[in-house]
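Input: structures, listed below.
After this come two complexes, each holding chain A, first together with chain B and then together with chain C.
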Partner chain A sequence: MEQLYNNLSLQFELNDFMLRHGTQASFIAKREQLVSLLTNLRDIHGYTHLVMVTCVDWLEDKLFQLTYIVHNHHDQSDIIVKVLIDRDMPEMDSIHHLWEQGRVFQRELHEMFGISFPGSPGQDEPMILEGWQGPPPMRRDFDTKEYCEANYSNRERDSREPEEHMQRKLYPED
Partner chain B sequence: MESLYPPIVNGKAVYDLESQKYLKMWQGPQHPGVTGNMSLELDICGDEVIKCDTHVGYLHRGFEKLMERRRYINCFPIVCRICVPEPDTNEYLFATAMEDLMGMEIPERALWLRTLNLELSRLASFLMWIGGQSGAFGMGTVAQWTIAYRDYVLDLFEEWTGARIYHMYMTPGGVRGALPEGWVNRAHKVLDGASKLLDEIRHVMLNNAIFKQRAVGLGTITPDMMDRYGIVGPNARGSGVARDIRMDMPYLVYPLLDFNIETESAGDAYARTVVRWKEIHQSISLIRQILAKMPQSGAVHTTLPNVLHLKVPAGQTYVRAESTRGEYGYFMVSDGSEFPRKVTVRGPSYTHAMALLEDLAVGVNIADIAGLMVSLHTYPPEIER
Partner chain C sequence: MIDNEINYDSEPVANAGDNSSNPTTSAYPDWRKDDNTLTNAGLPDEEQEWFCDARPQPARKSWQPIEDFLNWARANSLWILAFGTGCGAIELRPLVTSRYDISRLGMQPRPTPRQANVFMIGGYVSIKTLKRIVRSYEQMQGPKFVVAVCSCAINGGMYWDSYNTVKRIDEYIPVDVYVTGCMPRPEAVLAGFTKLKELIKAGKAEGQNLYAEKFDWYKENQKKVIKDWNMPDYNW
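For the complex of A and B:
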């Protein structure tokens, strides 16, 4: 794996190499080079299986860590490619042309984190949250409790006691 | 002859609904078998599907978001709910990801008990699936047999772990307890019955002319589609691609057990049924081997610090296991605090039920859509998490 990393480093700007259990390598790649790096890994080095695309929100650093995991079926090794993008203007190149399921992952990331993948088919259609009006809910600064209290609970209800509430509702003049 | 398919304008199909040639129909979100609540928006011409759009979101409970706000041990009762018929894979992977980040070793006896638990849950999940597959083609009898038989397996689970569906057995650091007295004998009895049931299923379902007529050639997956769509598990093995994580990247005690990767070559719904039928036999054989070989004494849990104040060292790891539907994975990120920074679940249904199903459904008869969906063995909660 180190050798592969060194070979790739000649072509791409990579850093923060880590190896777990001898078969799971991870490193950080540059945003602009990601698509060519994944194409290279897929077509030349045999990492043909896209396991997942996910995002980790580093709120403190104002960064999104987009994570692409690819798997090689011949030597059963994994590569975790991380790309750090700006949290305020999140935009990333699409990989739907490399793997069919890429568009599904990207559609979910667009909905849950608000990351835009220009050109990814159907990314603006709601996937899970149909009719959702609020901010992207998987971001760490989205407060579920606050959102629920503002939008759902105790509307027009000033008492939690059922008896009291019904009394006020049925006999407001008393 | 005029084309069945509508003209494409700006990348989108344009239907002339006035022509009365097309019909838009929804299948779901009420599920037609064991597929879970998701809906297919089908465009139909005659009785042939010409376009399929999948819609998910009916089972979204926000597991990944919930986990960000909970301590590791509080996350543990949540993860099993991601997959109802086979929750143990989730428990195992969550525990393993945590142990991996903490550098924790678990006792040998716990490894055996975990393998036994995983295989028994594979058996239960397959029994439920085979009932769904036959039910989707109108053979309710087989469904009644297998789902009733799954209950005997659930009885075993209940006696062993205290719960029928969500066992919460493989806690981080080991397992919750050993097998009860006399359990092994009762398990053998259930396994004998399951083997007999499988023979009957072969006569009634696999050799059934109607089942064959409908399943052969339905939803054919070719080997070149594997990586393009991310196809794993029995769906890949039904197309002759011998991939099984238990064999390829062995975990727990699988290297000590004797089994083969079962494959078929046709790649259609029938081949996938046969692969899964063979894998039920395989599960039964594996459970028997585990019961014979497993150590009878020893610790089942390592000593953990107070789990309510447990801090997991910063790191990122991906762990995977073979579920009944293929590769199941957990990507866990820890920032060194008491709460997980991010846990992403990679359910095999994610790729099977969305990108793949949309393409396989085109050209299929409307009556076979349910059978096609079940033959891919999808569970929507894994998509929505």
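For the complex of A and C:
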């Protein structure tokens, strides 16, 4: 894995290399180089399987971290590529031309974090949140509880001690 | 365990999170044309004539002894539409297979709303699912009953602060019996159905009529959370 990383570093600007369990490498890549890096990994190094694309919201640093995980079926190794993008202008290059399923992940990220992937098919259609009008709900500055209280009503809770309650229910004469 | 009290909120009040305090000045909100017709405003023009625009009406009762006989017959023929909205729906499989075998009690699962008369809601209800629930419930033919299984359907359960899960399903459709638990054992679900049978025989499972009577209250609540209403106002 280290050798692969060193080879890739000649071509791409990478840093923060980390190796776990011997087969799981992760590093941070540059935003502009991501698509060519993934193409390279897929076509030359055998990382043919896109496991997932996900996002971490670094609210304090004003960054979104997009995480791409690719898998190599020959030696069962994974590579985790992280990309940091600006939180105020969340836009990223689409990878749906490399992996067809990429558009599903991108659609979800668009819905949940409000990151836009220009050109990704169907990204403006609602996927899970039909008719959603609030801000993207997975951002950390979205207050779930507040939204919930403003929109859905509560039922009053009435709690009972299970042991006592069942005793009274099953053996009322005791 | 079964929640015995059926919680019918009878007065059409706005719910707790009402932030608009209902400034509808006209007598009819936009989805009502007049006392008996609905506008179906959510539908595109070319689909308008595909759907009926009448309001549901409460069923007329016949002479009491006949009604009692009918209720006895209804109680012994429950065909279930199981909507697996959440994890609790997994409990229906043991229920219909050989161990608990509900067909000995005159019940069986059906694949479509048109053939069923008991709607079993299994678990948490998100907004997207609520839309399907309303549509399926309205499509079922009367007399129809609703059994809500799982804590999530009763008070939100562990989704009590979720942004996309409604916490009280009885604000959107009338519920006859609740079965609590996370998730309830098949025995508990069976006990729930037994309770439902008792209620039907006693003539107390009147959810369908309640829905027709309090139609405006239910619709207002539904429209408040389903923001992209693109189906008929009542799905006949």
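As a convention for this text, the second predicted complex is superposed on the first by the 153 of 174 C-alpha atoms of A that agree within 3 Å, B and C clash if a C-alpha of one lies under 4 Å from a C-alpha of the other, contacts with A are read in each partner's own complex, and residues count from 1 in each chain.
Everything below uses one rule, namely that a residue touches a chain if its C-beta (ideal position, glycine included) is under 8 Å from a C-beta of that chain, and two chains touch if they have at least 3 such contacts.
As the structure is a computational prediction, the values presented were derived from the model and not from experiment.
*Asks:* Between chain C and chain B, which one touches more residues of chain A when both complexes sit on the common chain A?
*Replies:* Partner with more touched residues of chain A: B.
*Asks:* After superposition on the shared chain, which partner residues are touched by A:151: those of chain B (first), chain C (second), both, or neither?
*Replies:* Touch partner of A:151: chain C, not chain B.
*Asks:* Where does A:137 make contact in the superposed view: on chain B (first), on chain C (second), on both, or on neither?
*Replies:* both
*Asks:* State whether A:129 touches chain B only (first), chain C only (second), both chains, or neither.
*Replies:* The answer is both, since A:129 touches chain B and chain C.
*Asks:* In the overlaid three-chain picture, which partner chain does A:119 touch, first (chain B) or second (chain C), both, or neither?
*Replies:* In the superposed model, A:119 contacts neither chain B nor chain C.
*Asks:* So which bits of chain A does chain B touch that chain C touches too?
*Replies:* On chain A, the residues that contact chain B in one structure and chain C in the other are 126, 128-130, 137, 144.
*Asks:* Using the touch rule from the top, collect the residues of chain C that touch chain A in their complex.
*Replies:* Within the complex, chain C contacts chain A at residues 7, 15-17, 19, 126-128, 131, 154-156, 160-168, 171, 224-229.
*Asks:* In their complex, what parts of chain A are in touch with chain C?
*Replies:* So the residues of chain A touching chain C come out as 126, 128-134, 137, 142, 144-145, 147-155, 157.
*Asks:* Which residues, counting only chain B, touch chain A once they are in their complex?
*Replies:* Of all residues in chain B, those touching chain A are 56-57, 60, 62, 64-65, 68-69, 100, 226-230, 243, 248-249, 316-318, 320, 327, 329, 331, 333, 341-342, 344, 346, 350-351, 354-356, 359, 384.
*Asks:* How about chain A: which of its residues touch chain B in the complex?
*Replies:* 20, 23-24, 26, 48-52, 54-57, 67, 69, 73, 76, 78, 80, 99-101, 103-105, 126-130, 137-138, 140, 144
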